[in-house]
Amino acid sequence: MPRHALKHYLYIIIFGTHTKAGRAFDIALIVAIFSSLAVLVLESVPSIASPWKMELRYLEYAFTALFSIEYLLRLYCSPKPSAYAKSFYGVVDLLAILPTYLAFFFPGASFMGVIRLLRVMRIFRVLKLVRYLQDSNILLRSLLMARRKILIFFSTVGILVTIFGSLIFVIEGPANGFTSIPKSIYWAIVTITTVGYGDIVPQTHLGKALASLTMLLGYSILAVPTGIITAELNKEMNAHKTLVKCPNCSRAGHDSDAIHCKHCGGELAEPDKRIVKQ
Amino acid sequence: MPRHALKHYLYIIIFGTHTKAGRAFDIALIVAIFSSLAVLVLESVPSIASPWKMELRYLEYAFTALFSIEYLLRLYCSPKPSAYAKSFYGVVDLLAILPTYLAFFFPGASFMGVIRLLRVMRIFRVLKLVRYLQDSNILLRSLLMARRKILIFFSTVGILVTIFGSLIFVIEGPANGFTSIPKSIYWAIVTITTVGYGDIVPQTHLGKALASLTMLLGYSILAVPTGIITAELNKEMNAHKTLVKCPNCSRAGHDSDAIHCKHCGGELAEPDKRIVKQ
Amino acid sequence: MPRHALKHYLYIIIFGTHTKAGRAFDIALIVAIFSSLAVLVLESVPSIASPWKMELRYLEYAFTALFSIEYLLRLYCSPKPSAYAKSFYGVVDLLAILPTYLAFFFPGASFMGVIRLLRVMRIFRVLKLVRYLQDSNILLRSLLMARRKILIFFSTVGILVTIFGSLIFVIEGPANGFTSIPKSIYWAIVTITTVGYGDIVPQTHLGKALASLTMLLGYSILAVPTGIITAELNKEMNAHKTLVKCPNCSRAGHDSDAIHCKHCGGELAEPDKRIVKQ
Amino acid sequence: MPRHALKHYLYIIIFGTHTKAGRAFDIALIVAIFSSLAVLVLESVPSIASPWKMELRYLEYAFTALFSIEYLLRLYCSPKPSAYAKSFYGVVDLLAILPTYLAFFFPGASFMGVIRLLRVMRIFRVLKLVRYLQDSNILLRSLLMARRKILIFFSTVGILVTIFGSLIFVIEGPANGFTSIPKSIYWAIVTITTVGYGDIVPQTHLGKALASLTMLLGYSILAVPTGIITAELNKEMNAHKTLVKCPNCSRAGHDSDAIHCKHCGGELAEPDKRIVKQ
């Protein structure tokens, strides 16, 4: 087999998902990712890490070797290696193997554990499977369409949390656990999101009244993002239902009762003959 | 009465819900299930279980005998006993009586209490009542239609929880209660779902900042499944409405209580005879 | 003024809300209800109740006298006194004054405080104001339309809570605070509703895993009732928007694009000439 | 440059957002507001405030001087200075500088810290940016349209909280931490909003049963405001869509990006010239 044919064959297996071999590669990759994550998690449990220290370290080396080979193969078979290396997944793939090498050469660097966790982001690659694409697109598009409303919502929550946190700081004060405004804002976030740890709670009557107001506000304000996303999803789904293209200008987004294209005015196909891709 | 007539008669009473006797049997079964559950619950309360030990045990034996008879009768009158025995409800019915027999022959096996709890699943059978069928179908169909979006949602939550749990483990460390990554992921789930027990809470400033981010994310991400299910329910309800066609002008979109076509005034088929594709 | 005219005049003031005097009476009643509630609340605060004991008691007597007069006047001017006395509000009005009289004659009966709280239900009467009627009707009708779905939802939550509560009882046991199944079910409710007091928390690894599952389930199951109510509200609002009555059979509920009445087939008024009450 | 031209020029920069200078001024103002807030927050953290005491105070004086100049300039260039001074933002602007002056002349008045927090409200001014106007208008209009339903919802929550709080006070009593009805109502709010601090929890069996009911109620009642706001947002979005009429066939229902009528193919008015009733 000539080199460029091998390259293309590898490309189809490693980057593609349509062939049987491509799908098998994806599944093997998912298994490897989850196994390497399990090793990472088990390493953090003292009762397991102590007796199995060496076994876990060798497993870690094995997975790093595996992911290193995968990274090199991707670089090799990619039509544009530099474009892959600079892409989101290229960087994630590199970050997934780098920490182990760094820890090998600089044994004292314990903070590398954080970067190693980026390996979990490799899962996103597997989510790219074709059949799931369409639905996640609708979700993403809804979030994107609603991004201004969501921004306004988060700004409002930020302002409310700053105001309530500062007020409770003035009312309760350091004596009751509200030692600074940042800590009080932390309390306000814990309260307005209805998490309610209970590590810092108001002690005075006025503080409790303010806390009650914060809770009720947080409780009802939750309705706003839900309403926004639901309304956007509704709109997206309706738009999606009628993926009819104009035979004249090829643009989509027509209502189900449309007879003429809303963009160019050309006549659309009859409703029964419209091809709707699902 | 010949044997096959008796069999059919029993079948209609035990499996059917349309006759008066069938409905009476269902109600008696619900009462028996709830009573046996009450015995199970009371057995676990020390202040009640001590003085009433024998009474509760005899009641338990009585309910087991009752459910055993019911199981044998179902096996007897079912047209295909083996199919019933292998069905979901057949297995549940068997599991509801087995634990008591096993506990009788192997007195030391206290873990049987778990299996006995499967008796609660018998309640599902009673939910099969005809008048509730339609609405629960819409609910189930909405969940089924949205299963890909829900899967994507849960994968996203899983990835977020792993990332945030690992980060807080690195930031806070074992000294502040975050003794391992699994425990830290447990904290992340407690936080992102806005439950907030407060048994493990961040102590450092950076940890509190990360916790705030987790809360706000969990708070707003809740809007996504709600939006998905609402949008699906909306679609299902509209679909339900458009499945009846006028026999005169063939146009759809009639309400469920419509008698005449709203477009041409022609009479629609009677509600009971309308063909609604499920 | 003759007696029957006085009766009718009183009736319009006390039961009506359309006249100026009627509205003034309603506002005075609201003020009286809130003031009497304030007295009730203040009586429970030790630091206030001790120095102001007699003043609060006299205020309580004054409000009881006031509500007694109101009750007698309602009985007097009502066209059918017995119908009023048996109605929901008649019973609430009686219960609002009874406790004070009972406490006066049986001074030791402290449990009367509970019944006195029924006074708060008098607030519902004021909610009957005409302008708020229409909207609360839509809310109630949506809940009513969705009652089967809501029942199915609550049954599901009940079954889940029983199963998870029993499982955690078997997993954690009395040593970790889960002393009985009822207490474990209480924990399951605290967790599935995302309240999360933190008074009982799982200590074992398996218990924490089960708790995580309960939280995620509770977190996502919340989307179901929201979806149900939103979809019903949407439907109700759409139905409401087209409160067009058929000129032939006087029935409403037509879609905005209907030309013929869906009930009798009679022709509807042209869309532009339809009178829609808002 | 003559005085009135200078005035108008300043007006366009300070109050306007369409010119490059106007937008630069807005961004500088946002930066100044956030910086002054940071100073405020850092002052409250003991570990930072002690060593940097003088630096923070001088920064505070600098920001107050800056905002004072801005306030005077706004007064100067406003076409109607008195109208600006009495407007919401005029009062906010004044309150943002007053506390520092008051603290300067009355050094002992520590409560001024609260009023200084009003500076955070200046952020609202910046939200007035043109491109965010339309979406926040839809949000506000939805809330406004639903205000009666929201009022009914909050009244219901208020009544429920009073009833449950009083009941738990009678059931649990001062011995279990429920020392007064206001404190018990605070507990009911903490529970019904699913915050669940855990600082006060029921100890008796009956109290736990009541708490469970409160939680389930709070859990499901949350669906109501969400449903209301979603339904209103849906309506608002649809209304927005139906306000444009085709000049040829006079039919509505066009998307915001439509150029041709979907019914007859006639050209629609240009998007900017469409008359959309607000």
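Things to note:
So that you can tell them apart, the chains are marked A, B, C and D in the order they are listed, and the count of residues begins at 1 in each.
As a working rule, a residue touches a chain if its C-beta (ideal position, glycine included) is under 8 Å from a C-beta of that chain, and two chains touch if they have at least 3 such contacts.
All figures in this text were calculated on a predicted structure; none of them were measured in a lab.
Over half of the residue-numbered contact pairs of C-D are shared by just one pair in B-D, B-C or A-C, which is B-C.
In a homomeric contact, the two copies may use the same or different surfaces; for chain A and chain D, under half of the interface residue numbers are shared, pointing to different surfaces.
Copies chain A and chain C of the same sequence differ by a rotation of 180 degrees once their CA atoms are superposed, given in steps of 5.
For the pair chain B and chain D, the distance between C-alpha centroids works out to 41 Å.
One inter-chain figure worth recording: chain A and chain B are separated by 29 Å, centre to centre, where each centre is the mean of the chain's CA atoms.
Taken residue by residue, chain B touches two or more other chains at 182, 185, 194-198, 222, 226, 228, 230, 234, whereas all remaining positions touch fewer.
Against chain B, the residues of chain D that register as touching in their complex are 194-198, 226, 230.
On chain D, the positions that touch chain A within their shared complex are 37, 40-41, 44-46, 111, 113-114, 117, 120-121, 123-124, 127, 131-132, 135-136, 138-139, 142, 150, 153-154, 157, 182-183, 185-186, 189-190, 193-199, 222, 225-226, 228-230, 232-234, 237, 253-255, 257-267. Put simply, chain B touches chain A in their complex at residues 148-149, 151-152, 155, 159, 162-163, 166-167, 169-170, 174, 179-182, 184-185, 191, 194-198, 201, 205, 208-209, 211-212, 215-216, 218-220, 222-224, 226-228, 230-231, 234-235.
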